[in-house]
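Note that the chains take the letters A, B, C and D in the order they are written out, and that residue 1 is the start of every chain.
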């Protein structure tokens, strides 16, 4: 390969991206016109658009999760928050006299998001304030939250008929699905906060070495609280999207297992579960890989019984290809060491003892 | 009983305080539950918690090893399901029950070994590898069959329905198996090199490597142990349910992780005791028992109350241990 | 029996229900769908009406949790145990324990496959295979004059779950003519969101779909949105058959967006309480009580809709 | 990047061989290559004439090479005894004999004059104690080659003497010892021969007796270091205002109540033995630990420092002795590590402009001679001494009023050490107060205006640093507990 390709190959997002592209190409083999994007009724329409549209909630949740994981935490409760926020919004809207009133819908959305913030902050409080291990602190809300969501919906599926609400997850704006716009906005905001402002560095520092961060004067508790609150907010928005997309709130099933997918997306995107360095772009690609995989399964007609085998296969291949150690061992290249980059040692040593 | 022996032995070092606090809280919860609900404060109820959670206990033991090295194993629930499925299918085809048991345990261990090897040699995060393992095992279940397969083999039925009586209380053979597993594992963790290497690897993997410890072997071993325990847990579950089913034990990995962590083991590795895991399982079981003794909670209140009880428990545990420091 | 050494008399069940309050332990599967919630409500309400004290527990879709709950009911010496088995197999041990404790057991919703029929008194519930058959039969009738191939897509329930397995099997038993082709079949996990997502992918991958068979109303409702999003008319361009007949589904049926719904009634409560009283009074009950269920066409739906509560 | 380039090196039985070089010269890398931590790209290793290739530290250890790596590489969660014996625990029938293990551990540490509870977790002890434990582990392993990478960096004179006694005994037994240290006096005391590295290349091999200190330094840094000893007597401190007054400040179990005043522009040294409580004082003054008793006044006003953040707000800075655990964030780059405290003080909403960052970082990379001078390199890839400089730079850019330095020259080479000392002197002349902690008494004496002496976690004496104060006098004061 030529010299100027090198830095591109070295980039840490290269392999995830390559895998995403490979998955998309795989689809082309099975579905003609997979890459076609047309304009139907003034909307962009096509499989590629669908992947982003359906992946939008996952991307959102995974973005929040990325920051949480960067502080070496984890948030299992996102699925429950998704359910709660959707349920609350739909409940409010179903109580409106005019479900199409923009003001009413905005109010409902506001209340739902406010609650998501509170729930996120609750997690943050348990982790940062009380000092409970993140996995167990968020497990509490994961279990109780689903109950709360069902309490809100009274165990039923609340169906609404509100066109302003529908816009959030199922609507279009300037031919683009509105969900994609929201994702772009949140992504931009997150990138701004973490990369333009200094939040990102503080998060990475807290995740990389909490003790040292405290001694460097970082308000670690504040950072952790912020991050969990933000994660709650992201999950809340995702909840609105999911419920808006089907115009109904399902307390039991909305966002079920989304935490696993979100964590998987984060990890595939190159952020380590042990905290520290994080990559927002990687997370987005990770989430897109997962969504593409799901779509692929539907479109190439993998039977439901073998779906999971297929998933296992793809995830394994993805991880192996991404692993530098695997590439080095299999393609007979230089071995890498856990410590990081290997110092190239060229020497002749004679030890006589 | 296990708690009492620890309490009895010489002055308590500080490192045991969290476990003791957990034990005390568990006892308190039992007493409060007993006052609140008639018939709860009997020995049999405690034994029932063991009977109903023997399989979880075994799975959690394996998980403890993994978490102590700072890893995680998400595949356990699926391996449990796969084990029930394989056992049921083979028994239906007329295999000898003992051969089935050996094979099931072998499959679980090999799966664990494979995952451990990938995690170590290709340096991939355990979370993803075991998640793939989770998909794989569950997927294999469905490929074997989507329906539930009954088990009517006499040996399995005997394991399922034998009651070991003492006085007017009883336990199932599974409880005996689980207790043996716990005892062996506790011995291994405390008194063998493998066990200490597990703690060292979890404390600081890089240092353990530089100290010349067999980190590779240890890491692979813990995933193999976890696979073994999951498979054994799967067998106990097939005794318990007398059926094989692809949807068995959905989400059990979370229960197992929760039990381990409630028991005071740090997810970052290196700190924790097996006794804590046992207590964690008991706490989860007791919460469930209290809920079903209450019997007035609707489905969603059930979840909320489980969450609340968990919260109160963890909070108390945290506050008391923090103050003791 | 266990635990009875000090208690003296055995369980209250056999001594007649007139003077003693009946305590029923009910181990519900979970609250995984609106259907299930309606089922729970029906049982709770009719228990109150019948003056039966209900001990209710929710297993969150896990068989082991149901077993645990039943074991604790035995411990609490309730008069009767009722439950909706998550799956058919694996109940012998716990049912034997109940039998030893002389507590009668009533199954609701689905049967267990235990060869020993004495373990439970009776079984009250729907027949999922029958539901699949009804759905298939309607399809066969609709297309009996047509020679053209009919492209069917299927939205299955949660992989491995009994309704999904049986509704699929029943449907396949009836729809045998080679002109019917199931061109795609995928699980939608019984939810609207998944139903919509899967249907969108089906629509992209298959240009010509004639019929959609959804294992429950929720998935059908999700799929309708996908079909509308693709610029097609649900109920006309693509015919839709589904199962359950919950309120929203009936509404869509009445609106012409669904073509046929097979009912699966959750309102088992009154029948269950009747059976309970009979069992405790020592009366003979049939070993199998099928709930009264029908199926709805679009016209029937319009009439039935106003009374639909769940 | 090449860390080592064609280095030939031999180690003979029964000798102490010093490996010399500046920070980042490649000493630690050579050791890691020798012991199988890194793979070799070219060249070979022979052990007793046989060619060997170690795939892991375990293999090296089994072949008879016992190593103390530069950073303390032990498991903080395990007990002291276990850290010494793990991997070779005394066993009977496969069962670990805990009692026996603890007994032997206590005995072994006793030989190094360390009397601590071996059942307590390692993390309960200060870094210096951990370093001693690591040494104990290495010397107890029955080896033919013993490698010690900066084992003495935070030990004081008496511990070093203990270590040297053990090393001489091992040497007599015919064991080959490879020793790395930046303390030239130590090298000349113990080493027979030395190999000098510069920028990953071999500069030469010499007998210690044939090479003068000045020549050695010249070979190490590639130029003459004329002004190494320039910093002789300290000018008396100008009478500054009182900055910090600690009155009866203390914390149970850590440090008895003490009274200490630090003026502006004053350098106060802390002297004491291992675990005497120097670090504890520093932590209390910085708000890293909460004081149980006493009051703290800053500029005459009583304050309650709740967190390091509050201290930083008052322009205090604390450079921890434990750079790995409490100092650096290994994943972050050199630049990020340097600006971290400044950024934290400004809050995350006010990022330091990138240009300003580069400027600041560039300035200190040059001033402290951090190598490689690559601000975007993850700090974990730097050599130990350079990491220490990065940590120092972090606090210097804050331009603090009180700079607390806990073993700031740990692992830093001679040239850089002089540089840092000069910097400290300069800053204090500019009005900055400094609390200086070092195991090296000469250093303390050279810099401070006043020395506070600690013993058994009590501040026992305060001595003005005038002409008459010598290291011997100070040692005497420490030993006698301030009675003289």
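What we mean here is this: a residue touches a chain if its C-beta (ideal position, glycine included) is under 8 Å from a C-beta of that chain, and two chains touch if they have at least 3 such contacts.
Being a predicted model, the structure only gives us computed values, none of them experimental.
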- Of all the other chains, whose mean CA position lies farthest from chain A? D
- Task: Skim through the chains and flag the pair connected by the most C-beta pairs in contact.
- Result: A-D
- Message: Counting only Cα atoms for the centres, state how far chain A is from chain B in Å.
- Response: 29
- Task: Indicate the whole-number Å distance between the mean C-alpha point of chain A and the mean C-alpha point of chain C.
- Result: 35
- Item | Inter-centroid spacing, chain C versus chain B (mean Cα positions, whole Å) | 32
- Hey, how far is the Cα centre of chain A from the one of chain D, in Å? 43
- For chain C, which residues are shared contacts with two or more other chains? 30-31, 37, 40, 159
- For chain D, which residues are shared contacts with two or more other chains? 37
- Query: In chain B, what residues contact two or more other chains?
  - Reply: 142, 146, 206, 209, 298-300, 302-303
- All pairs of touching chains, please: list them by chain label. A-B, A-C, A-D, B-C, B-D
- Message: With touch defined as at the start, can you tell me which chain C residues reach chain A in the complex?
- Response: 30-34, 36-37, 40-41, 156, 159, 184-187, 189-193, 196-198, 200-202, 204-205, 218, 221-222, 225, 229-231, 248, 310
- Message: Quick check: in the complex, which residue numbers of chain A touch chain D?
- Response: 196-199, 201-202, 204-205, 208-209, 211-219, 223, 276-277, 334-335, 337, 339-353
- Under the touch definition given earlier, write down the residues of chain C that touch chain B in their complex. 2-6, 25, 28, 30-31, 37, 40, 44, 54-58, 60-65, 67-69, 71-73, 75-77, 86-93, 96, 113-115, 158-162, 164-165
- Residues of chain D defined as touching chain B within the complex: 37, 56-58, 60-62, 67, 69, 73-78, 82, 86-87, 89, 91, 94-96, 119, 121, 137
- Task: Going by the contact rule at the top, pick out the chain B residues touching chain C in the complex.
- Result: 39, 42, 44-45, 48, 51-52, 55, 141-142, 146-152, 157, 160-161, 163, 167-170, 237, 240-251, 288-289, 291-293, 295-300, 302-303
